[in-house]
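Okay, so subunit A shows up in both of these, paired with subunit B first and subunit C after.
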Partner chain A sequence: MSASMSPTKVRIATAWLDGCAGCHMSVLDLDEVLLALAARIEIVFGPLVDAQHFPKKVDVSLIEGAISSQDDVTLAKEIRANSGLVVALGDCAVTSNVPGMRNAIPVKRLLERVYLENTLTNSMVPSDGVPALNRHVVPLHEIIKVDVHIPGCPPPPAVIASVLTQLLDGRRPELPALAKFG
Partner chain B sequence: MTQKIPIRIDGELIEANPGMTLFEAARQAGKFVPGLCQLTGVASVGACRLCVVEVAGVNRLLPSCTTPVQSGMSVVTQSPRLNMYRKMVLELLFAEGNHVCSVCVSNNHCELQALAQKLGVNHVRFSYRYPKRAVDLSHPRFVLDHNRCIYCTRCVRVCAEVEGAHVWDMMGRGVSSRIIAEMNRPWGKASSCTSCGKCVQVCPTGALAERGFAAGEMVKNPQPVTRLAVLRRSSL
Partner chain C sequence: MTLAPNGPAMTQRIVIPHVSRIEGHAQITIDLDDDGQVADARLHVTQVRGFEKFVEGRPFYEMPAITARICGICPVSHLLASAKACDRIMAVQIPETATQLRELVHYAQYVQSHALSFFHLSAPDLVLGMDSDPAKRNVFGLAEKFPELAKDGVALRRIGQHAIELLAGQRVHPTWIVPGGVNKPLAVSARDTMLGELPEAMTIALRALDACKALCAKFPQEIESFSNLPTLYAGLSNDQEELRIYDGQLRFRRPDGTLAAVVAKPEDYDQYIGEAVLSHSYLKAPYFKPTGYPDGIYRVGPLARLNAARCCGTPRADKELQEYRQVFGAMPQSAFLNHYARLIELIWSLENMRLLLENPSILDINVRAHANTNRSSGVGIIEAPRGVLIHHYKVNESGAITWANLIVATGHNNLAMNYGVKQVAQSFIRNGQVTEGILNRVCAVIRAYDPCLSCSTHADGRPAVHIDVRTPDGTVVQTLST
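For the complex of A and B:
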């Protein structure tokens, strides 16, 4: 490759399913490591950029959040179909975590409790513009094949940095010993 | 002076004391054998199956905490096969209950979580069961969260053997098993409970905790209890 040509940047997507955005915050917490990564990656989809539709030929997709609705299932499958590697980022994607705590309660009962019994005014279960909840929240790997799991709530920036760096170097990443649930 | 029993652990010649378990002999020799139900000074029951080892001449894996040392034994404590089964046991424990580490009182101070980290369990390959389990808040000082119980029965044994109260027991079978106070009464109603808190201190997860703690705040110290258990035993 000639030195004048800029090397192709690795196309990275991120996605935010049923989670709190804490894992995305942890990505931002990479601080100066982001500068080093920025030269090698291009973020093509996710809450950090403006793309409306999931693009084709993404190299690595980092998915935060559990699968809670049919919308989550659809997006997860679209991501899988268009990504080289899928990374489950954080405990919600890996274990279903806090979103999964509703699983022992039937959806109807849950919504009534939250939106009707616990409110004083405007008591109504929202239905417009929000996807219907699935009966069970499940981790990402129960819906699509996941190549790398990064546990943690949120995963420490050092763990994310380590995995991303190994992936960019073309290695199958080994999780640092620091990685854990919770 | 009692006669020592020669055994090999990971190829190394060890002199064990008669009556020792393989678990104790391995730990004494500085080997790492994982375990969640084993508790120093208290009877071993082989509940968690994490301490399994390979013994030469035996086809199946043996729980080291319930296997006494025998002269000439050759034991392997680390192998790909053992690691595979140990990880599987941990994953099954996670899948069976509702171990949501991030919102657990014992987050970062939990033996189950720490062992998963040490053995490299980064996801669970089995479908989670999401059982509906209760939280017993009837005791004035302590909490019993059934969601986080792994049925190690350390609480049962410590209460019976060290405190001498025998408040705790197991009820049911399989997935409907659970820890009960007395004859399945709310803990706060169990009149045999002395509120000593030994069960809380030895519980490896956040299933038993003191009241009033938020996520990650419950730090336990089993050492005074195990020390007492050892002293109690040696004076028998």
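For the complex of A and C:
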């Protein structure tokens, strides 16, 4: 494996479970600040980089999205086992939010509605090489211990910047007043 | 790296469990025959979220805010398609300035989304190289080696996102776009700020286009093998067949350039588009109904839009379009050229932002129509950055959703992406010889489509090139990673 280890940089991972990528967009909305942060941090895992396994000894993992399938559960546990701090980033990770709106509906009915009733050709529920959905979508802290919760749909870039800066300074972060649900 | 055949008569299966640097989660399976040649390859989209079902019972006016959560990359697209469907349910003609403001915010979204696709997601392949170190093959690695290019990408995306913020109040999931129009007129100061940022954006976009032209010469085999096939092309255009992204008619064009269909009004879409289920994917596969399934394969997105339209309709973009067609023909087919087409559209979007901002009527304060439920159904069609997006709702007499159908941009390309994965695998994998760089190319054909799999499916943060070699019964016999 050729992944470079930079001991002087804080190792950060990001992950995207059942969410819309909006929280990741809010991280990118740090704009030039993100390029400046690159001197202090190394993104070792996440949708923006090509790392193939969740690495060992990650300092901070930012997780976007709720838990909705067994794949999500497995990854969440892998992240917890290999991360110093786990941050639930955004309302889906914190409360399950919009993905949780399906919880009132049995999975079978949901899938029949999408793949049988709405479709005229080859009507069937896909099952070849695709994971089954869990009965309920749940927030991250129901599956693993979460150290920091950042609400928001998405959290504003300034809130993410504030939390990241406090973490980089070695402090347990306090949420700025700007942080709110929705 | 060679994958040794696992016994004389046994085929091999290569699995790429996580296609990286795309907006969503997908897996690719490649089956090799006894001689180590590619027999088949397929794209699996591995999650579904069920928006079409769980929105039942919600008041229609909640739909823009709910469906925006399908995608945080192009929330403006869902907000617009949803609001247009709601306008139809209300049976209102929205104020002219509201239409202009919706168009403006959509062009701004094209700027940020196309910048993300080119600079953050695909430039690492194109500039650092398909075979470059996977640990550095990302936007941060790009920033180390080509800092000016990475800065350009960050700045261009910022200008697009900032325009959305100035118009709509926030960058991701704004609440400004509502059924009947928008909820606030444009302030003079916001207009002036946007106008002030356009020249920098145009300079960057033109620089990126020049770079892309030079890069195209370096990827002949990729151009030859990235979904290089004749299909129908679909996109919105106006009566003069100029490119449109907010309104216009949906046109289907054949690979020889002749028109296959013009969808007269949004409600007619289902006469032309059917949907099939693929057993191996949660992403459904739309097809052109008059031709039938699976031959009615068609594509959407930048390449398809430029093929479906006669021209862009703005001077600089049309000059670039002419040059592009001189080099690659009037109806280019390779998905690789999406990168080039995307940058022409970026220039076109910036030209249109200027036209809209310089029109004094953009500041008019009449921006919203009010009405209740006046129709039992509504369809909204727009061009998301990745292609045609359709929202179709039915409501009861009190305006609660009773049925919804969403056809997202990436779905239209599903059949072509599957074809492309197989084509590029067949072109590069010979005699069982597989390298990380080859598998990265298989992922890159998907990246060329800039798929938004979070749109109505799901996303998972696990990227990778990680190969499981399995026997036909699925047992893993060997695991390779780079």
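Please note the rule applied: the second predicted complex is superposed on the first by the 172 of 182 C-alpha atoms of A that agree within 3 Å, B and C clash if a C-alpha of one lies under 4 Å from a C-alpha of the other, contacts with A are read in each partner's own complex, and residues count from 1 in each chain.
The criterion applied here is as follows: a residue touches a chain if its C-beta (ideal position, glycine included) is under 8 Å from a C-beta of that chain, and two chains touch if they have at least 3 such contacts.
Predicted, not measured: the structure shown is a model, and the values here were computed from it.
In the superposition on chain A, A:Asp50 makes contact with subunit C only, while subunit B stays out of contact range. By the touch criterion defined above, A:Met25 reaches subunit C but does not reach subunit B. Greater residue coverage of subunit A by touch, when subunit B is weighed against subunit C, goes to C. When the shared chain is aligned, no partner comes close enough to touch A:Val60: not subunit B, not subunit C. In the overlay built on the shared chain, the residue A:Ala179 is in contact with subunit B alone; subunit C does not reach it.
In the overlay built on the shared chain, the residue A:Val138 is in contact with subunit B alone; subunit C does not reach it.
By the touch criterion defined above, A:Asp72 lies against subunit C but remains apart from subunit B after alignment on the C-alpha atoms of chain A. Contacts of A:Ile160 after superposition: neither subunit B nor subunit C is touched. Judged by the touch definition given at the top, the superposed model places A:Met101 against both subunit B and subunit C. Once the two complexes are overlaid on the shared chain, A:Tyr115 sits against subunit C while remaining clear of subunit B. Looking at subunit A, you'll find residues 97-98, 101, 104, 153 touch subunit B in one structure and subunit C in the other. By the touch rule above, subunit C contacts subunit A in their complex via residues 18, 20-25, 27, 29, 44-50, 52-55, 66, 69-73, 75, 116, 120-121, 133-140, 143, 150-151, 154-155, 157-158, 161, 170-173, 274-282, 284, 287, 293, 405, 440, 454, 458-466, 481-482. If you check the complex, the residues on subunit B that touch subunit A are 94, 98-104, 107-108, 110, 113-114, 116-117, 120, 122-124, 127-128, 130-133. Remark: subunit A residues 1-4, 14-26, 28-29, 31-32, 34-35, 38, 42-43, 45-54, 63-65, 68-69, 71-72, 75, 97-99, 101-102, 104-105, 109-111, 113-115, 118-131, 133, 153-154, 156-157 touch subunit C in the complex.
Listed in rising order, the residues of subunit A touching subunit B in the complex are 88, 91, 94-98, 100-101, 103-104, 136, 138-139, 141-142, 146, 149-151, 153, 175, 177, 179-182.
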